[in-house]
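When the chains are written out, they are named A, B, C, D, E and F in that same order, and each has its own residue count from 1.
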């Protein structure tokens, strides 16, 4: 099962901690996790997202325009709206924080 | 000179740190500082406001209805809208955060 | 982009001042182009989008736009032709029958 | 309350969804009763107060209500009789000539 | 059955939105196939105290929660959030769950609507 | 002379409000007796990078700042906020001041408008 977290605010503590907990050792093997940073969430520091790697596969991405508008050269791969739509439908569950 | 800080949000870091800095040893003797907590700021913890006492006189108050609506029994004295209006005009400067 | 199937549900509960509007507009346009059915529900300050030309354009392109009539009425926002004058029941159905559901609030 | 003198300036830049509205209404009523002159400036989502009966009541009680016409126009908010259809110049004057100025945004 | 969780994470009354989010939650039960849970977490737990929103012209809270429960839906509070804020007495009923169970609930839900 | 400080403390573009706050700041200069300072602090300093709001349909930033400066008013950034965020290169001009000076500025101002 693949869960997508779309995060809109910088350093969104509850969203990040939820994703981190879901990525933790208690989660079922084979689960996949994706995080898409949009809006001011593209400014979220790498240190905040650091815990997001564990027993499940985690992919972190940013929405291209939203990062570029903020002069953010993100360490994460960027996708456009086509990619965002595809990601939403490729995931089994989506939470838009 | 008396400065009034009206704070609307819980744990408003910038408002509290500004008031704390103004209350610090660098401030001119005789200065007075008042803090009025309204809206969800009535939930601000005492520990957060703890640093607000130094070389100047600091008075912390809450707006009565706003605290009561939230079931907050504040350690600070409460005032009503008459008191708030009077406080605003008794202060030389007001910042409504 | 290749054609996709399914229905995307969107909740928009913020005023046009929010960046949510831009994202919802762009994502909806992308979805409609790809063949995805889009239905969005406006509530709270989101009902002010009845006065925003961008939402009228999305409706013209094929998105179904439903508004919480209660929230619109209490804000004295006028009814517009491009929206369905609905209720929270419509949101309850949308949450249930959409394939993916995104909340912007 | 004993009579007071002076002019209170208020900036209201949030929609009626905010608790700011309640506070501004109560404080303005209190000020008017005490003999204080109140002038408020509505901008950003604050212009949606033109559709809110509480602001019309404050104006009826003697508060001067000025709106940023630019923000109202871009939100397609209709002009109302109880407000002065103004500009940021009015805010510049109010910030300068009020005795106390409170921002609610 | 569609399992819907509405998350209420913000302070009580700076806007009317928390009341609106609860009105929405009640509305979500109108589709009988929806099973609704309202989750109070972080500063959202302050809403579970014996509040009196009428005092400040704000929207109702308790009636919505009563309606949800009486319709067989669920009101949940995060224990960690309550403890951190020293809240031991609630003005309304809620199932108090540890964070681990909350995360499971969010993982299992078909729809999650974070409100703010 | 009325000394007015407008504080911009929030992240750049989640709403159109930062652009509006700067439009307001320029507007405040229309009364010649007002001396206007715009203070970027906390997450507000992100706005001083080489942003491109048009990409996301957001409001202009730089033009307002250029107007303020050309009219003889002031754009200030809090050094502590810049340092904490690792921002060393600005896309526009600003006087970078230590926090102590910022606090003095706020204490001395006749009017402070915290924007958000």
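The working rule: a residue touches a chain if its C-beta (ideal position, glycine included) is under 8 Å from a C-beta of that chain, and two chains touch if they have at least 3 such contacts.
Nothing here was measured: the structure is a model prediction, and the numbers come from that model.
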| item | value |
| --- | --- |
| Partner chains shared by chain D and chain E (touch criterion as defined above) | B, C |
| Shortest walk length in steps over touching chains, chain B through to chain C | 2 |
| Any chain that touches chain F and chain C | A, D |
| Self-contact between copies chain C and chain D, residue sets same or different by half | same |
| Centroid comparison with chain E (C-alpha atoms), farthest chain | F |
| Of B-E and D-F, pair with higher C-beta contact tally | D-F |
| Centre-of-Cα separation between chain D and chain C, whole angstrom | 32 |
| Centre-of-Cα separation between chain D and chain A, whole angstrom | 42 |
| Distance from chain F to chain E - Cα centre to Cα centre, in angstrom | 38 |
| Approximate Å spacing (C-alpha centroids) for the pair chain C, chain E | 24 |
| Residues within chain A bordering two or more other chains | 8, 39-40, 96 |
| For chain D, residues contacting two or more additional chains | 17, 19, 44, 101, 103 |
| Per-residue multi-chain contacts in chain E, two or more chains | 13-14, 16-17, 56, 58, 114 |
| Every chain pair in contact, whichever chains are involved | A-C, A-E, A-F, B-D, B-E, B-F, C-D, C-E, C-F, D-E, D-F |
| Residues on chain A engaged by chain E in the complex (per definition of touch) | 3, 13-15, 18, 21-22, 26-27, 93, 95-97 |
| Chain D contact footprint on chain F (complex, rising order) | 2, 4, 16-17, 20, 23-24, 26-31, 33-34, 111, 113-116 |
| For the chain F and chain C complex, residues of the former touching the latter | 13-17, 56-58 |
| Footprint of chain F on chain A - complex, ascending | 8-10, 39-40, 43, 65-66, 68-71 |
| Interfacial residue positions of chain C with respect to chain E in the complex | 11, 13, 43-44, 71, 87-89, 91-93, 95-96, 101, 103, 105 |
